[in-house]
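Structures incoming, each one as structure tokens.
Each of the two complexes below includes subunit A, the first together with subunit B, the second together with subunit C.
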Partner chain A sequence: MANPVVMMRTPAETALIERFAAEKASLPGASQARAEAFARFEAKGLPSKRIESYHYTDVRNLMRTVAPVANDAVAGETMTLDGFPRLGFTNGRWQGGDAPAGVTVVPLADAYRDGLAPGLGMGEATDIVVDLNTAFARDGVAIRVAAGAEARLHLAFSEKTSAPASILPRVIVEIGEGASLMLVATHQGPAGIAYQVNEVVELRLGKQAKVEHVRLNLSGDKAMVLSSVAATLGDEAELQTTQIALGGEVCRHQVFVTYQGENAKAAIRGATMLRGHQHHDTTLVVDHAVPHGESRELFRTVVDGSAHGVFQGKIIVRPHAQKTDGQMASNALLLSDDAGMSNKPELEIFADDVVCAHGATCGSLDENQLFYLQARGLPRKVAEALLVEAFVGEVLETVSDDGLRETLAGLVSEWMRARAVS
Partner chain B sequence: MPAVKETVETVRQIDVDQYKYGFVTDIESELAPKGLNEDIVRYISAKKNEPAWLLEWRLEAFRRWLTMQEPTWARVHYPQIDFQDLHYYAAPKKTPGPKSLDEVDPELLRTYEKLGIPLREREILAGVEPQNRVAVDAVFDSVSVVTTFKEELAKAGVIFCAISEAVHTHPELVKQYLGTVVPTTDNFYATLNSAVFSDGSFVYIPPGVKCPMELSTYFRINEQKTGQFERTLIIADKGSYVSYLEGCTAPKRDEAQLHAAVVELIALDDAEIKYSTVQNWYPGDKDGKGGIYNFVTKRGDCRGARSKISWTQVETGSAITWKYPSCILRGEGSSGEFYSIAISNGMQQVDSGTKMIHLGKNTTSKILAKGIAAGRSDNTYRGQVTAHRKATGARNFTNCDSLLIGQQCGAHTIPYIESKNASAVFEHEATTSKIAEDQLFYCMQRGLDEEEAVALIVNGFVKEVLQQLPMEFAVEAQKLIAVSLEGSVG
Partner chain C sequence: MLEIKNLHVEIDGKKILNGLNLTVKAGEVAAIMGPNGSGKSTLSYVIAGKEDYTVTEGEILLDGVNVLEMEPHERAHAGLFLAFQYPLEIPGVATMTFLKAALNAQAKSRGEDELSPGEFMKRVREAAGQLGINPDMLKRPLNVGFSGGEKKRMEILQMSLLAPKMAILDETDSGLDIDALRIVAEGVNAHRDPNHAFLVITHYQRLLDHIRPDTVHVMAKGQIVRTGGPEIALELEERGYAEYLGNAA
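So, the complex of A and B:
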């Protein structure tokens, strides 16, 4: 028999190992969690396509070099949203801003020094990309929403760099019992610069807490963006997390949801618009560890040019998680001959009294629908835009804030207009 | 919920030791020495008196195999297999090769009688309507012992014989097609099979011929510490049709036994192959001791335009199943179908599904998979549907449903759906549930007892697949389903 294949370290892996050795002493707090996370990375290396969950996004191959840590930069223009108190971030670093009533915001380094531990949002899941953030994150904030409080918050991330840089922010949000939070995170960055983002947002929902989280990805066209949402749900907690992705060159958005309390609900959604040579991977792990959980997943992907979309969704129902109800749908529209889509919806079920289903479809625009609209005088491109907007509209319409929803719909229309003139 | 409780109770007490075909035939066998090396490959080749090119082909596969690693991606767990602790060749001594029925050892005939496999043509003719006749190739351990109805089939131009025989009688066909669907380099077990395959069936249907009867192969593992590595090759030439059935059983033994087969199907223009399997290898006892490790590579190549390959399988046996009958849809307008019922009970582990690879224009495929998990078993559907860039107009519909009976089993669905062509339309749906209380209530209210009600609902759940089986198999399959779920259903 042959010997097991020994993977050679890539230059990026070697650079990360050297960087950790050099920076270890100066990284703020959480030293044990950092060391453990780094050890896992060191043992396994960057995830390659040989790892089942990274089958379609070979990070090992895509991340050839590791960009230097981003410098401090002056705060610049970032997006504002009506009705949302704003916390601005440049290159992952918090630039200040006022927290609304009932919400306390502390820089990550301070929160770590006060004993906040990273990683609890992951439940039992482990992931090398999240581990890398855990090991290296210096920047970000810890947000605490007091029990019973109601708040809205906009985290405006804006990257300012003229050379490749790596940006690793971490946001840890604890939502107290009965509190409710609408959290919008926007991500923008320079065009033409191959910057690397590895961002983790942990959402820890207490009993009966409610969170609506919306992430808007408008990253630069050469950026590699690895983003993760790791949420734990207490009794009767309700989580909605939606990603609208338009930017970046290579993106992977991961959502880990762990049910820790009974009767909790989660809705995970996404609308992804891809063109050119973009690659976008959405990977979910929904872990029903306790009974009576409900999850709804809805993903819409539009692929144009020679872009490639990926959806991987795994619903796990543990042996005692009876009465779980999970429904997952992923639909993709391919607009060009070179576009590609890979769907992998998974069910992993160990309890018998459950209702779980998933559906996945992939196809092009319906010629009959196009004909109907064209017969009524719409030019083909306009008819296409109308159908595409309706397709992703099902995800957008779940956003509760009117102003934000219109902003998002405007971005989709603009994307279709740009397509029509090209 | 007393109904659920009772079902769970009965599942707990379930006894998988009800395997009917677990007897051992006491027959003197000729065994190759244990272990695997080039000499064993040469030994097998020499036993079959093979031409040099085939030996070379085997040796190349063997050398390749030495460099390969056992795959670990499937959702199955088993102790490491010691490939040096197996006999790679076992043959009943008194039957040197498939000859006429009169020369077959009577002990062997009795074995097949006990299994309910009709080998005597006269007996078959006596009682059964002509349209229900089935030609059988019986493979016992490493050799084919007899093939029935050969002469009658030959009149229609159909070649149906053991592959070891076809190597001598039709070398040009074997040489042309062997390994063209599942190449020797395909995967760990297929490569191993290429090196040490012993026997199996060979079918050739000439252009325009509709095979006059169902063809079938019956595989039996008897000897201890042996692996069965059969190889089946079916070629349907232009415009022809064949329906082929496969059945398998093995004695109850405490140690696990390896079965690594390769099946290759080739359909040329307008040809259709229907391949049905009722897999009933010994599943091991209720604690997972013994049983067959069924690591099989089955693949059909729709090489011609408008060709069609249809796989139907009922999987009730084996300790571990690792099997993905696939279709390569190469010809324009070709179509593939996959109908499957996989039932696991006791400690069985099933990781099975299909691959539909759309290469040609306007190709269509349909997947219907039903998994039923009971006892402490794990049942995984793993399927892949891909459309390549030139597969304009490709169409797939997939439906996989799982049913769980009991709280200690698991049902998993892992589909890979990959499209590189905008005009390809793929739809996939999957559900997992338990038997609905209201359905049970409805049946019981009308006077059925609970066991009967469960049986009725389960049969309804798998009905769509059973309908695809040829008559004789459908009846057998229905019985098998009842036996494998005995204790949990009626």
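So, the complex of A and C:
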């Protein structure tokens, strides 16, 4: 057995330890969960590339310093979406807003003080980034959708800070039996400022609950964004979670789905557009712990400039999880010579009666298709845009709301137009 | 209208066209016939502007302007159209979206307004109706899952809508049954007039029963080796290409 490696603490790790000591007494509720999560961080430090799941995104190395907690709110944009009641958040803090019928919303701190506990259903799996959020989160909300209710909700996160700041919101959503929720979260922030986000959204789906979750990442171009979605699925629950990511400098989006009830379904999707020096990592852990679960993953990544995309998709099928049906696809399109993509699908199957498939591809635009379109009169840039929009379109078209889908398609077109003039 | 002078073309260092000369006049329907490997498809791709080929010598003039200086889309704007032997499948792009993008790009190049959605739909439906194209096909991604015959009809539909002055049909008859062949030929014949010209590339005489050419050129080893009237096509059907493979070049 190897000797434990003692690593020097980085300035960021030291700062986090000092901050926890200073803040511990004033952090609202959930003290046991906080203490446990922090202890794991203290023992392991920030995840580095030595840890397999962080191989491509060395947080320890990327997060040199820890920004102070955000405390100034400067002007900034906050998105609105037609047909969605909006809850606004500034630097992770809920600014109020009316919850629609069947939905109750309380500030996270109040919910924690009332005894709500953070819980990810992740079993023995733990993640230090999530732990840091668990340890430090003060801001965010707890949302409860009553059994049988149908609701739509827009969480509009706008980071409004004039200096580097750390923002650690947590959103815990409990969706009651038979309820259905369309939850859209938009994230915007200032350009040119190295703010740090570590955000966790817990989705707890009760029996036969249905959730369509769409996360839109329009973070500022210097932002480091660590976002995690942790979902637990009750019997016959159905989850769709889709991220559309265009922003940020270094981003890691994690999705942990745990099947707690039988005959549950999850569809996890993403469309990621990267350029310049952006780095975006999508890491999934889909844990089929019980029989008759279905999972579908569809990821499309477009990489330009010297940006780098990462996809790690792990599907675990536990010994008892017979009749699991899993299909995962991650396709990347590289638009420049310096663009890179690391695609790592993983299947860990311990049951023998399952159907699981994965496919990962990485390529450039098809010259023959481009020539065909050009021969019909489309300038090359227009032809490229048509093909790229079609490529990510397969993810966008799964978004059920027409207005939102058009907004997303518009953002992709805008991205391609910006490319055409650069 | 189209004048090709002493065209030499290579791909990966291999000579495909060896000093090809060809003239197609306005209003003319010219056919090129030739055996496999004679360079027919290379010629069509080079005219349309495919990048893989290197033109080492010669000119391709459309109404006196050398198109070799132009990008593929500029050639299309200038009035060139290639009906592909193997039309490409474009997943995720609805046929309608593509047709609209192509028509609008060409209208824009001529400084014209884009077609109104109503006018666009009307023209597409009319043209599709004439070619026996089911309107439902237009909602599907371009050419994806289309049969060989459907793809060729789609090429002719695009030609009808774009109304090019110089259309090149590269083996449009391949993969067509006799009914589809007749429909495609009617689509071409409908556009014959003194301002439009066609270059019909084919291996067989069959298509030329339906699209009567004014001129037939025989191509072998990267050159036009014989030019004459429609009777040449019949002769080739009977005697084959053997005599051109021995003594050409």
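Note that the second predicted complex is superposed on the first by the 407 of 422 C-alpha atoms of A that agree within 3 Å, B and C clash if a C-alpha of one lies under 4 Å from a C-alpha of the other, contacts with A are read in each partner's own complex, and residues count from 1 in each chain.
Rule of thumb we're sticking to: a residue touches a chain if its C-beta (ideal position, glycine included) is under 8 Å from a C-beta of that chain, and two chains touch if they have at least 3 such contacts.
All figures in this text were calculated on a predicted structure; none of them were measured in a lab.
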item: Combined model on subunit A where subunit B meets subunit C, clash or fit; value: fit
item: Superposed model, subunit A: greater residue contact from subunit B or subunit C; value: B
item: First, second, both or neither for A:146, with subunit B first and subunit C second; value: neither
item: Touching partner for A:394 - first (subunit B), second (subunit C), both, neither; value: second
item: Subunit B versus subunit C as contact partner of A:345, first or second or both or neither; value: first
item: Partner chain(s) touched by A:376 [first = subunit B, second = subunit C, both, neither]; value: second
item: First, second, both or neither for A:368, with subunit B first and subunit C second; value: second
item: Which of subunit B and subunit C A:359 touches, first, second, both or neither; value: first
item: Minimum distance between Cα atoms of subunit B and subunit C in the superposition (Å); value: 14
item: In the complex, subunit A residues that touch subunit C; value: 366-369, 371-380, 382-383, 386-387, 389-391, 393-394
item: Subunit A partner contacts - residues on subunit B that touch it in the complex; value: 4, 66-69, 73, 389, 402, 404-434
item: Complex interface listing, subunit C residues touching subunit A; value: 48-51, 71-73, 75-77, 81-82, 84, 87-88, 90-93, 97-98, 101-102, 105-106, 109, 141, 158, 162
item: Of subunit A, residues touching subunit B in the complex; value: 1-2, 4-5, 52, 319, 332, 334-364
